[in-house]
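By letter and in written order, the chains are A, B, C and D; residue numbering begins at 1 in each of them.
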């Protein structure tokens, strides 16, 4: 029983990690209808910047803030320089540009910081919480991950549901031309959407790095599973991203725990296919607009 | 796949068939001369270009012509490769038969995957195929005694007739298969199947109103694509000499997709450009440029990666229709005087969920070129 | 991605007679610059030898392993600065394959067919090198000192292929024997990488440890290694394993130790040498102890998780300054690979590269001045056992055995040992528990090695 | 007062508008008529800045609009309801309406304005919380027009509002438009294929053909010109 709970808790913390990256993907998809395959690489870059800042001897939290601020700038710059030119081109072009960016950023990080594996400090202790007299597979840092991811989801929900900025961002995403005719500064909002998503990504990087092995490629697999999570949840639903992340994390943990580690990706694939068979647009897909 | 294609063959107009065969024959002559004049290494790479051209041409039919974005082409290369590997280990049969079986098995796996996959909309299909490319090779890790584990299954190059160098013979086989596939695909695309593929891509509702069976059309495109990938995988491992999991990483699928788009999505000529880019850009050209900077080796290796990434981005920004689109644009500039429609470019694939009507108004679709191998 | 890189200092006396004789040949060759009259050999001229390798310099397998080839090159730079081997300077052309066998095939063909290398030396990885084994042998190009402990490097079909580090099964047998002897009756659990490396280590363990003692066998797949191995460690804990063997790469070692600490699971860890180098694993554990407000400089404290772990080693410990090989290693790196030295210092990976470099120079020496590919392969079979290298046991090359070291010592990572200091931090050193032992990867028994370790040749220690 | 003079637009080699000039009095409804491809839609898109004019000028309330970005033109009081209405199907009716006034009003004024719109189109009020995708064609058109009105525009550009609507619905819509212009604050440019109903509420009309103005006269005069009706208006 203890094994079951530890596997479950391990799956939950892994799932929230996926969710944190999936949220960024969802934000960008909502804002610009693009899947940002460089989302993980951008997070990697901001985390490396935080790593450099930490190395200068400033504390953890200043470095944390620096990473988020760099995300804000990075997201905006990427959108302005790379994404805007392909925004109204065939969607495959954006796919290739984001993959190109992924490759480019990993090369840059390798050239600047080296390809070596590192450890990255966690915001809080990673020793497990003690329940009764045993440590469980859920640490203080895992609690922080839960709080951070949930806070992010709530913020995103508030933004989209209750602010006019969110309203305009959605309009800019769903119907750019109609939005412009209503006085919405679409191009600026698309940039802002990428900035917000990159901040979410920077946060994800800071959450992932301590639980993983920190190197220029540390987000690659996370991105694949996060994309899986976003697809399961429904690509434009922030809540779906969290649920999708948890589902993915738990599925991987149970498959790995009871069937063997090598079957994890197959297990994830089977689960994804089953979910999409039942709900082709993910669990939390919104009522689909007519597509003509 | 063969069964599905035959009706199309029967109705082929004589004209395109003859034209495509003519192109094929010219291709055979061209590659023969090229191959015998190249050094051993360049000849080996020429064979690789042929192999990747097959995989990309298949992907181009699926993604460029039919509008389904697949990030999992590499998985089907693995299926074809392992099929050939198992045949080499357990049976000694003729190469042609081996290749046909590899094609059949990957088409079958493609069919199994296609049934759920083709129900999905753009980005959802992309997500599923991406995970497929990651997950499928793990079967060979899990069942390593059957699939050969890390050491993999050994494949032997086919016996060459007479005194021909076996390596060169293999290159010819690879190139011949590539030309054959391109001619076959060109015919498929100029048949009613090709028209259905494009109709479904442009507008599924309109296509179904026009009597196209949308689901079946998508499945057929998927199966054709995976069959091509299977053939490419089988031919690839003949030249690497071994089949193992590491040969089919996620990045292979990404490179194939990038090659397809950079070459010119939806065009069969573009598949050749794409194959050249996949073979030379990441490992050769980027490395050469990086070497010119005389960086130390660790930075130099990363510099090559940086250059590769930058080239992907720059080409996509500068020539959104890829190499083939760019060449065609140049051709139009040279030949016609500003009255013709704009060159190829719009690939209406539905990764983005935006209204299609806008696209329709903005630019003329010029996918007619896709039907020929000009 | 699964090479071993370790050592253990141990009685430094003799074998010096052979050592000096053979290594004197280096000196003899240093000033020698006449051209041999033999038929030209590909990649060899009167004053140069071009060799190549494919290694991961980028991508997920690059961390750590990208230090090996540059470290090896430091040895060649030293040789070149001292006149070369028989007057021939060594040009080492190592290229990136990103640990992808398709790239390896292409890059290896390029090296052989276009760059005209004489031999492929020190290429890394089992799947990568397995995919060019047939090609290199068909072209009769020596595939020397493959950086992998696969049993497949000894294969009569492939006479031009030679391994170097101990086969993983040998690692497993020696660790297994130690566990059988010192942890009798304790429950044992495994966590192994689900590939050749992990399976071979387990095979060796199982030859020694009674199966009734093994209570849990966990695996993970390196290609999907993205987060802590909580599931596996929880399962081992639930099975009550008191001794846990890790057949893991360094990243996976860290991702196993972290969740174990999280759930308060403290078995006796026994870690295969592949994933136990403290300077490599240590920094990965830093996240455990350094929390908000902490910084990466606390890395060293975190290595505590490694304290007491038992592992195996076939090269001297990096922390053993009294070992003459270690002193030579440091000087060589500092002078001939300054960028590597300043970034990584002497860690398990650079030490591995240097030792491999010494081995190749020895092989060139033994092949004589009329250098041919066949001659080089013959020379390794003929005199490989006598090569002077830092290994704790001698190389075991014969015409039938293409494994290098077939043995290692059992050591313990200990906070009380002299720390290993590198530019990335200070890490615990090790003390020897038992050994060194030798054994074959097959059924043979594990025997204690009673010979002496060799000393570096005087030329090397004085001129480096 | 809207003054358009010598406005030209071309797409590559194709000229869509060839020096179009027209004037519309403050508070009037001007019908823009013509066959498919005559350039009606392009005229509206050029006014609102969605397409760039090659030459010519559009002056509204003494401001030159040519060259301004769409968002600025909107802020000059121009509301453009494109063909099909382009309501945002993924949003609720209320959200669509909010969006129409976000640039102009704060929360309180916005809600008051929306309440006024609900008075004009009571059907929308009952569906406020529903997604726009659930609306009928006529309701969508009302929503689009309502959304354009929330910001109190002084120039309303309507592109084929009757497209695809049943005759009865069209008639209702035209009545609402006629009502709106009675206040005299809104100048309306009404592009219609359905010339008969457009002329029924317009005071002035222009007929376009192949990008040029064929005739420009009072609505009544054009409705009476049988020849013109036959050649260009199809009724």
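Just so it is clear, a contact is a pair of C-beta atoms (placed from the backbone, for glycine too) under 8 Å apart; a residue touches a chain by one contact, two chains touch by 3 or more.
No experiment lies behind these values; they were computed from the predicted model shown.
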item: Centroid-based (C-alpha) most distant chain relative to chain B; value: D
item: Higher-contact pair (C-beta pairs counted), A-D versus A-C; value: A-C
item: Innermost chain, where centres are averages of C-alpha coordinates; value: A
item: Averaged-CA centre spacing for the pair chain D and chain A, given as whole angstrom; value: 43
item: Interchain centroid distance [CA atoms averaged], chain A/chain C, Å; value: 37
item: Intercentroid distance (Cα basis), chain C paired with chain B, Å; value: 40
item: Computed distance of Cα centres, chain D from chain C, in Å; value: 77
item: Chain D residues counted as touching two or more neighbouring chains; value: none
item: Two or more partner chains touched - positions in chain C; value: 57-58, 66, 194, 221, 224
item: Interface hub residues of chain A, defined as touching at least two other chains; value: 106-107, 110, 114-115, 175, 177, 220-221, 260, 262, 264-265, 289
item: Residue ranges of chain A in contact with chain B within the complex; value: 29, 33-35, 82, 85-86, 88-97, 99-108, 110-111, 114-115, 175-177, 220-221, 224, 227-228, 230-231, 235, 260, 262-266, 268-269, 272-273, 276-277, 280-282, 289, 291-292
item: Parts of chain C lying in touch with chain B, wherever the complex brings them together; value: 57-58, 66, 69-70, 94-96, 99-103, 105-107, 109-110, 113-114, 126-128, 130-135, 150, 152, 194-197, 199, 221, 223-224, 339
item: Chain C partner contacts - residues on chain A that touch it in the complex; value: 2-3, 6-7, 9-11, 13-14, 17, 51, 54-55, 57, 59-61, 106-107, 110, 114-128, 130, 134-137, 139, 141, 208-215, 217-218, 220-222, 225, 253, 256-257, 260-262, 264-265
item: Partner chain D, residues of chain A touching it in the complex; value: 164, 167-168, 170-171, 174-175, 177-185, 286-290
item: Residue ranges of chain B touching chain C (in the complex, touch as defined); value: 39-41, 44-45, 48, 134, 137-138, 141-142, 144, 149-152, 154, 236, 239-242, 244-247, 249, 251-252, 283, 287, 296-298, 301-302, 304-305
